[in-house]
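Two complexes, one shared chain (subunit A), two partners (subunit B, subunit C).
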Partner chain A sequence: MSSSSSSLSISGLLRRPEAGAFLGLLGVLIFFVIFGSMEFLKPSGAASWLNVAASLGIIALPIGLLMIAGELDISIGAMIPAGSMTVAILSGHYGLPIWVGILGALSFGVIIGLINGYLVIRTAVPSLIVTLGTLFAVQGIVLGLSVIITGTTSVALTAAPWAKFIFGQFVGGTFQVIIFWWLAITAVYIFVVHFTRYGNWIFAMGGDKISARNAGIPTEKLTITLFVLSSTSAAFVGMCQAILFNSAQVSAGMTFIFNSIISVVVGGVLLTGGFGSIVGIFFGTLTFAVVNQGIYFTTFDRNWSSLIIGIMLLLAVLMNNTFRRMALSYAPKKK
Partner chain B sequence: MSNLIQGLSRLALSLTLAFSASSVLAANIAVVGGKTDDAFWNKIKKGIDDARLIVEANGGKVNYLQLQSYDNLGPDAAQLVRTAMSQKVQGIVVPNWVPEAEDEAIKAAVAAGIKVIMINAGTIEKANELGAINYVGSDEYLAGKAGGEYFAAKGQKNVLCVNTVPGAANLEARCKGVIEGITGKGGKGKQLPLPATSFGDPTAVAEAIKATLVGDKTIDGLITISAGDADSAAIGIGQANASETVKLGTFDFNEANLDRIKNGKQLFAIDQQPYLQSLLGVLMLNAYIDFGNKLPTAPVLTGPGIVDASNIDATLAGVKKGAR
Partner chain C sequence: MEKPPILEMRDVCKSFGLIDVLHNISLRVHSGEVLCLLGDNGAGKSTLIKTLAGVFNPTSGTVLMDGTPVTFSSPRDASNRGISTVHQFGGTFPLMSIGRSFFVGVEPTRKWGPFTIYDRKKANEIAVNAVQEFGITRIDDGDRLIGGLSGGERQSLAIARAVYFGARVLILDEPTAALGVKEAAHVLRIVLQARQKGIAVIFITHNVVHALTVGDHFAVLIRGAKAADFRKGEKTREEITDLMAGGEHMAELEAEIQHLKAPNASATVTTH
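Up next is the complex of A and B:
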């Protein structure tokens, strides 16, 4: 389903999983150009949704893969502040070199990912519940340790220039460097998911896990890997935030849980698993960010923001569903 | 024989009187409050601990009854008030977070002859209604108004209040105060309510602020409703190339905020001074129970305390000692 389509015709392109997501993105862009202004597409305007999309996108990609494989990880909501507090406490509070903080944040992500993965495959408890548990547990650990160690819930961080350059600078004065991380990471995901056997394994798992295992796919290893990817990505985003904003707080990140799932679904991934694509998730994330930030370029009263966001996201998903139905029910004409 | 019994009973009576008199002389005070695992309640606890020295010097004692969680705030706080009553205390210091749930318990305590002071959450009207002696705390609206007037005093004309949790009564009161503070001095002010999808995402908050500032170049003052949002706002202002024109203020503060005030990159922060709330609450109650002292000032407002370049060094010293 994910491999290249047989023909390059328009109808062939429209049947690709990402087609609906792309058209959704196009739709919201046109909406905001009409009701907002062209400012929205100029570099500084584009930066305002690209910056938001990038940090969300880095998390949405592994979340999307988990959802394709039939799993879910909501502990990312706690892993973002965990990542930012870890780097801020190690390098800000204790004054250790920044690479120690970075390594610490990412290791924390790997550890929680391993715990999530093992619990899911060993206990057979739905991953929603397992990661709900780790969500609260990690929140508790981060809050408790922060107060014991620093006495506060918010820690300042002044990162070394090289770390600021790689993780927290504004390229060209407006584009967060994390956008380039996002693009690079997306490229790697596209290659691995759509051009190696691992991608097909993930789709097979989401379609039917037992058959996939019987077919010799190492479903358990793959599940653990995906959970490690998602929580480490979240820790990475948190770490970049702390370096960029020079500060970390224990109470951030919960919004990423819903936002990443919405982006993934807008991007054409089925909530039940087995269907979706990396490019689709990429477009879905962009759509979400455009809808969120586009409001500020319009003259609508800001009290209506949430209403507009809700309706536009719903329309984007409906569009996607229509295209998916067309794609799934398509039968080539007999020659 | 009857004389003896009479004498004994007289002795017993005077003993009882003496005993109860001595316990009245030394105040036994209970303080109801939040869990001390967050920064705010740690400052409250320091206020209690410092006040305890004086209470104990006068033979009394102070007991801090803290909530185990915030899941069931009102009823749990009411339960702690009743716990304090069962411990036969003479005074209770309590925040009135959820009047619907707590009023009844506070009334019962007052009816049982216990002296009550409300701190942190409440109003003087509520204190009077329930029979509490005073209210020691801040008033979100007045704090906002002071912020708006501070902007005006610094020459800012158009202030934006960024509210990341629109609809929360205390935060709406903060923004309302700011807007009325600046308009009262001839300036302009409005609120920027952000959708729930951007709460907790610093980039989304920063970009919303950037876009708003780019869209309206007349904005020259910006205030956020929390310390973390101020960190996002600092980036948003920088991204809008407005660092020269747009001055930043915030409610509450964190380390990064104070660093910016110290370096001249942030104008001010509004503090409700929680240390003073518990310190004054306990001391005033102790003085009232022990000596009948009563402040005519009511309510006793601990906020807004404005932290700016003029007092940043003292504030930083206070942070180190856990009082700010």
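Up next is the complex of A and C:
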């Protein structure tokens, strides 16, 4: 059949949602090899951007799915410190076993996700506004409770060796173990989104929510699930950071809001929903991290990295539009 | 005794607040028959089919299926009972592939080790076969995106999908409105093929020629009321056009237009 042959051809690859993200990644890699040094491709250099990519990527994946489904979650900016502080307060300040802290941090994520999801489906308020509300609410709760309980905004944590090993060690001295989490989680997302029927439901929901519901897709359950996924992922990343660095701060995570959205868009997800891919988001995150860290390997001032990221974002949006047009206009040649 | 119609409306009224949109509409459609619903813009055609598709419930009156009164709780309920509606632009998921959108919500799956995965090959094959069965051979790759198909191809695919999933009543809301002459002809042919399979078709159109090509039975709506109800051969094309225009004589209206154009027209016509 033409379908199998065409998906292997060059033009077939270019029509895929991740095409732009992949070319973007190649572009920035070449840029930093020319203007920087090969150093940043060597293990010690690679660790710097892989570490950034991993924490960001674990959050960007569910954010990307939400955007494919036509929603957005910016409360992740508060959920990262919430995850850190929960594990640090429970297991550091109160000295409870680390698994209690881990469970507490993840449960906090689940609860906020349920609240976000429920508010979005029950009110007609756009998810940007709902999660803007929970962003500030969670920030307030975390700050307020931290000061009441510990008297400070920074709490130390010494995790048990097993937890340190699983969530917060440096593999080979420089690679954060969260990189492996990111790779494994990406594999699971690829499987679920592109190989099971649930992935199809997310795309249908982002394409046309009413038709999707009429086709029997449980759009409300799916929406809530995606919000739970994003806020729990953010809490997970925060928890890992606290275990890695042996401490937690109240204010850390706001940059993740923009950075994850940039990664997702650079990764080829359509802002209006209904189009995108996990591999694309993965490449988008890598691209972002390479630009973010690659600047240190050049003689440029690091402030220029924002300029590059800005230009890259605009290019990505333009390029994605082109690829999408190609995908839409594609018709097989007559045999 | 005659078999009861597959779908029937009895004295159906529909109001939105104080606005009455449908007044005492009674209609019947039998399997293997095409009912054409004609009417000007705003006549209430879409509202009428939405009460048949489970989008609205009638304010008063009854809808019967196979002679039994029914109330649809949702569009999904109506489609579960075999009433399929194809909206004006056919595919609603332009960025999804043909195979994936064909099976939205009822995706075929297969075993892959311990996992149950989406069977892309099977979905594509069935979708492509279903639409090719209607003679649309240009669609041969289930991985193509819906948004890349022409309007006629999308309509054809949507109809093929409804038929594949066992529609007994097929409601088409202006399926030929946005199409070119040749594409419209393809869609009309597919409507007749669906009718041949014993499906009851409710075909909404503005176009009297299209209606006469496929219709067995015609109903004209004017400002929410049924102005006429007749069978094939009982009225001429001109009579139907007049009816749709709300009883005014289109011929007279056209004469008037000619008259208004006259000064200009005579200026150019005198040259010959």
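Following the convention adopted for this analysis, the second predicted complex is superposed on the first by the 313 of 335 C-alpha atoms of A that agree within 3 Å, B and C clash if a C-alpha of one lies under 4 Å from a C-alpha of the other, contacts with A are read in each partner's own complex, and residues count from 1 in each chain.
FYI, a contact is a pair of C-beta atoms (placed from the backbone, for glycine too) under 8 Å apart; a residue touches a chain by one contact, two chains touch by 3 or more.
It should be emphasised that the depicted structure is a prediction, and the values quoted were computed from it without experimental measurement.
Trainee: Put subunit B and subunit C onto subunit A via the superposition and say whether they clash or fit.
Mentor: Aligned on subunit A, subunit B and subunit C fit with no clash.
Trainee: Vertex at subunit A, arms to subunit B and subunit C: angle between C-alpha centres to the nearest 10°?
Mentor: Between subunit B and subunit C, as viewed from subunit A: 130 degrees.
Trainee: In the overlay, answer first, second, both or neither for which of subunit B and subunit C A:Asn214 touches.
Mentor: second
Trainee: A:Gly199 in the overlay: touching subunit B, subunit C, both, or neither? Say first, second, both or neither.
Mentor: After superposition on chain A, A:Gly199 lies in contact with subunit C alone.
Trainee: First (subunit B), second (subunit C), both or neither: which does A:Leu270 touch?
Mentor: A:Leu270 contacts subunit C only, not subunit B.
Trainee: Identify the partner contact of A:Ser48: answer first if only subunit B is touched, second if only subunit C is, both if each is, neither if none is.
Mentor: first
Trainee: Quick check on the superposed pair: does A:Ser329 touch subunit B, subunit C, both, or neither? Answer first, second, both or neither.
Mentor: Touch status of A:Ser329: second partner only.
Trainee: In the superposed model, which partner reaches more residues of subunit A, subunit B or subunit C?
Mentor: It is B that touches the greater number of subunit A residues.
Trainee: May I ask you to decide whether A:Thr131 touches subunit B, subunit C, both, or neither, giving the answer as first, second, both or neither?
Mentor: In the superposition, A:Thr131 touches no partner, neither subunit B nor subunit C.
Trainee: After the two structures are laid over each other on chain A, how near do the C-alpha atoms of subunit B and subunit C get, in Å?
Mentor: After superposing on chain A, subunit B and subunit C come no closer than 32 Å at C-alpha.
Trainee: Looking at the complex, which residues from subunit A come into contact with subunit C?
Mentor: 1-3, 6-7, 191, 195-197, 199-201, 203-204, 207-208, 211-217, 270, 274-275, 324, 327-332
Trainee: State the interface residues of subunit B toward subunit A in the complex, per the touch definition above.
Mentor: For subunit B paired with subunit A, touching residues are 37-39, 42, 166, 191-204, 206-208, 210-212, 214-215, 227-228, 231-232, 234-235, 239, 254-256, 259, 322.
Trainee: Using the touch definition from the top, list the residues of subunit A that touch subunit B in their complex.
Mentor: Listed in rising order, the residues of subunit A that touch subunit B are 39, 44-45, 47-49, 51-52, 54-56, 143-144, 147, 151-157, 170, 173-174, 176, 241, 244-247, 249, 251-256, 258-259, 292-293, 295-297, 302-303, 305-306, 309.
Trainee: Inside the complex, what are the residues of subunit C that reach subunit A?
Mentor: 74-76, 79, 92-96, 100-101, 103-107, 109, 112, 115-118, 124, 140-145, 147-148
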